[in-house]
Amino acid sequence: MSLLQKERDIITRNEYVDAFDFDEIEAFIKNAPKELFISHHFKKRDRLLVQPRGGFPTYKKMFELYETFMSADIDVLPLTIDSNTRLNDYAMAKKMLTLSEENEMDMLNGYPLVNHGYRTTRKMVTHFNKPVSLRHGTPDARLLVETALASGIFEIEGGPITYMLPYSKNFPLDKAFLYWKYVDKVCAKYSTLNEPINRESFGPLTATLVPPCIVIVIQILEMLLSIEEGVKSFSVSFSQNGSMMQDIVTSNVLKKLSRYYADQFGGEDAILNLVYHQWMGAFPRNKELSDSLINTNTVIAAMVRADKIIIKTRDEAFGIPTMQCNAQSVANTKYTLRTLKGLPLIHDEEEEANLEAEVKAIMDAVLNDSADTLWRKVFNSIKSGVIDVPFSPHIINKNEVITIRDENGNIRIIEKGQLPLPDKCFAYEKSKVNLPASKTEVINKMIHDIGAML
Amino acid sequence: MKKVVTGVVGNDIHVVANRLIDISLQARGFEVFNLGVNTSLEEFIDAVVETDADILLISSLNGEAEGWCRDLQFLRSEYDLKDVVFVIGGNLAVGEAKESDIIPKYKSYGFDLVFHQVDLNTGLDVLEKYMSELK
Amino acid sequence: MSLLQKERDIITRNEYVDAFDFDEIEAFIKNAPKELFISHHFKKRDRLLVQPRGGFPTYKKMFELYETFMSADIDVLPLTIDSNTRLNDYAMAKKMLTLSEENEMDMLNGYPLVNHGYRTTRKMVTHFNKPVSLRHGTPDARLLVETALASGIFEIEGGPITYMLPYSKNFPLDKAFLYWKYVDKVCAKYSTLNEPINRESFGPLTATLVPPCIVIVIQILEMLLSIEEGVKSFSVSFSQNGSMMQDIVTSNVLKKLSRYYADQFGGEDAILNLVYHQWMGAFPRNKELSDSLINTNTVIAAMVRADKIIIKTRDEAFGIPTMQCNAQSVANTKYTLRTLKGLPLIHDEEEEANLEAEVKAIMDAVLNDSADTLWRKVFNSIKSGVIDVPFSPHIINKNEVITIRDENGNIRIIEKGQLPLPDKCFAYEKSKVNLPASKTEVINKMIHDIGAML
Amino acid sequence: MKKVVTGVVGNDIHVVANRLIDISLQARGFEVFNLGVNTSLEEFIDAVVETDADILLISSLNGEAEGWCRDLQFLRSEYDLKDVVFVIGGNLAVGEAKESDIIPKYKSYGFDLVFHQVDLNTGLDVLEKYMSELK
């Protein structure tokens, strides 16, 4: 028995879980309908795929949610996991699931997949026969991903950086890298059986004033880590920046450089996709305005020529959306994409050159780190602040980079911390903003800029 | 100088409000002990005892506070924390909920002040008024 | 007494109208607050002005509508006139106004301004102290415009072409030119007293597959006719085409060529503005989707750098919108404009060159007509089909031009009728579409394309 | 071949549906006399008499039909047009209105078939069925 298989046996043996039947699972994936594989849909690239967010604690409500989505002609079903499962607290998840089932009241903000198990969940997935995407935020997602794949969920979001720095306070970072290596390995293994399993990185990060260069570097690095393990279908992503031009520039550079680095690192045969997230920061407490924001994002997603858009709802500022509201959001988005025609292809040479130079400088610094493996290089780079995510709750994150918006809504770096930005680039960033004089003014400007869409 | 222990309860990692609360409390002249996100009720109580705090100000954003705060009444009496003011704020239910349902529920769990979907500064103004009336 | 003044005296004496006191009116305009003049707001050009549509039969409901708009932070108030007044049927308007007042039920689709009179209406206009725009569709608007100006309404929409070809079946076209000359003369006269009165042309025309070259030619011609009479502030306009690129191209060419021809024809000192109309064709019978369409249009208006946007509501397919719905539309639009930042400046050289060549060719044909005055040249051009508006209900319109959409949503000319398009341009237009084989297929494609937003 | 007089009533210049109606009626084998937009009730009646039409099919889009059609009952009897089928369709009220309010009202004015916000082909199908049942 291989080392990996031994680890898998251990991981999937757990007091909250019924025994895994790996042979049966392999057979299931081998014979699974192509419809379930998002990678199969990406291949056609005939339209921008629409995916909402959504997870309810009970199987019953989850099933109803999917039914509601289907009536809105959805492209990709989401399975969003609750906070406890994300942090491997299956005991709490179980307790709250029981309370939710007994009281017909949601005590969890997502679907506790591990507690439900793959045998049950697969019934739902195969019933609807649409690709399902696993949305979580889990540093140690080994058991969760095993359960998802066995359920017929063939897109796995996350990675050791994007599901750590925004989603955890003190989970050990080195462990996260190893655990996500496991995930990538399992995905790569199953990818040989049928259509490839798609892996997706989570570009929005903390969704709070994260500059594009950091997003792109992290997207590329997680892609390379996955490719290293044999993943053949990968989606890079980012979320609305707050400036249409910065979204376009981010998309252009992200597409170009992810392809460039993939090819450099043995991923010539990997299929790369671009995912756009609608505004991930604080939403207005007004449902009509939220609708406007959502639609604006749909237009931008089409303009940046994303392959998939992940949408929000008019309930965003209030809480987990109702099913009807969520399905309405899908229908609105599909309408806009259907009627919106004749999109221009846009470039901004100067901005793109600057962003590319920033990304390459940070990538150089990471790749030149003296460690022997890629994940250790990345680990060291995060520790030293060469990669630094604004507003990360994680203790290892340097938290030295400070960004504010320029008058066109672009996120600009005004304190670079340990980011190895070329002088020219940093000067360019600073030239775009009027630097506030005092620390208090910087803080006030930041608070204002966090609320850009309020 | 009044001492405040603050942080985000449960398996909740929403940190933005937490950073702003830290800044605002300091600006209002409190001594702040910020435990950050992902903090259990026990950790909060330990910190209150250790720092001899006047106020425990808990945030919750991801909707799951209820599961984490039901035992407050019990801990409060066990540690004899009668004089500590217990405050909770943020987004206190999964899904959209009404203040009129939320406030009595959390008061019954032992909170003195409950702010569901209330703006930070509005909430802190109420807190300061409440503290001055206690004297 | 001047000839014009004599005509004015006759026009304003009418059984449905209280006597005009021209001296008092002149004094009123002279001393009117600058706030009432949209030309004053255009000068600042600090933001895209938002204007809804709206008119109710009774004064009371009109006043309430304005109150509701004000709470949505409106920029420009509309005064939309009912269909009977538009066709000078003041008797019918009066009868229906009385019925509306008695039964608290709207029997008119707009505000019968002539019947209400300027003394009453001015109270409302000055009370709100916002610029008001007169929206009608009246071939003979002399009395209506006199009443509007005397009421403090300092933007007058329309013109002899744009308020004829889409709005009338058999009103004599030559008369329309003379009557609009009168309107322009009066506007020019009052423009010397205070800020200029703004004239606006109605680019959407029939809102049904009208190709940009025809829209632009008509915009330029109405502008030149107004400038000829001394108008100093003029807005050209167009509505969503159905292709974002075609909107951008239309805007770029319209801006460039209207300035060019204005300068050629003695209008160097005229201030020109660009107005964008949200989708003017058939709306979906689904209010949520209508919201999406409206918001998409707001994004495009900002991208084409319009100076004013005229908006629709989610009730469009159902009937005259409720006040609340209309105000909500204003609020949504203002929100999107406030949060939408970093817009790229876009050009498409090839499309713009083609469109420019088309417009210039038609303009040349019009200007080279052997008639002695501009209006007669235009008159002849319409009669001969050098200018031809698809789906015009007017008997004089040639109705020979046929257009359909290409796969990017662009409106393309497949039958040019008498349009003097250069061969190269016509070949370009046709090269973009797969020409349907039979007449039935063309009709089916046209019906499909009319419903582009359904 | 059944004869239809059609057009748009009152000071209404919405022509697009009118063009489509013309095409559809012809495609369905009717002989069509299209008076176009901006047509008064008297003009319609005159055309019906003149052409000896079987059907008068009126459109109204701008909401103001009611003011123009109240006298139909009177004209219908005056000209003795018992055998002509009177049809109206389009958008038959100012503002949003319910079919259940609109249909009885227009029937009372003398229309046999009333289509408020009904798709053209659905309406014409009903009309053809109605005509075949008349025989």
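A, B, C and D label the chains in the order they appear, each numbered from 1.
Here is the rule we use: a residue touches a chain if its C-beta (ideal position, glycine included) is under 8 Å from a C-beta of that chain, and two chains touch if they have at least 3 such contacts.
From a predicted model like this one, the values you see are computed outputs, not experimental measurements.
Mean C-alpha positions place chain A and chain C at a centre distance of 46 Å.
Taking the mean of the C-alpha atoms as each chain's centre, chain A and chain D sit 57 Å apart. Averaged C-alpha coordinates give centres for chain B and chain D that are 69 Å from one another. Among the residues of chain A, none is in touch with two or more other chains.
The touch graph of these protein chains is an open line.
Chain pairs recorded as touching, per the definition above, are A-B, A-C, C-D.
Partner chain B is touched in their complex by these residues of chain A: 82-84, 86-87, 89, 92, 95-96, 99, 106-109, 137, 166-170, 206, 208, 282, 285, 315, 318-322, 391-393, 443, 447, 450.
Residues of chain A touching chain C in their complex: 241-248, 284, 288-289, 291-293, 295-296, 298-299, 328, 331-333, 335-336, 339-344, 346, 348, 407-410, 452-453.
If you check the complex, the residues on chain B that touch chain A are 10-13, 15-16, 18-20, 23, 36-38, 62-64, 66-67, 91, 93-97, 117.
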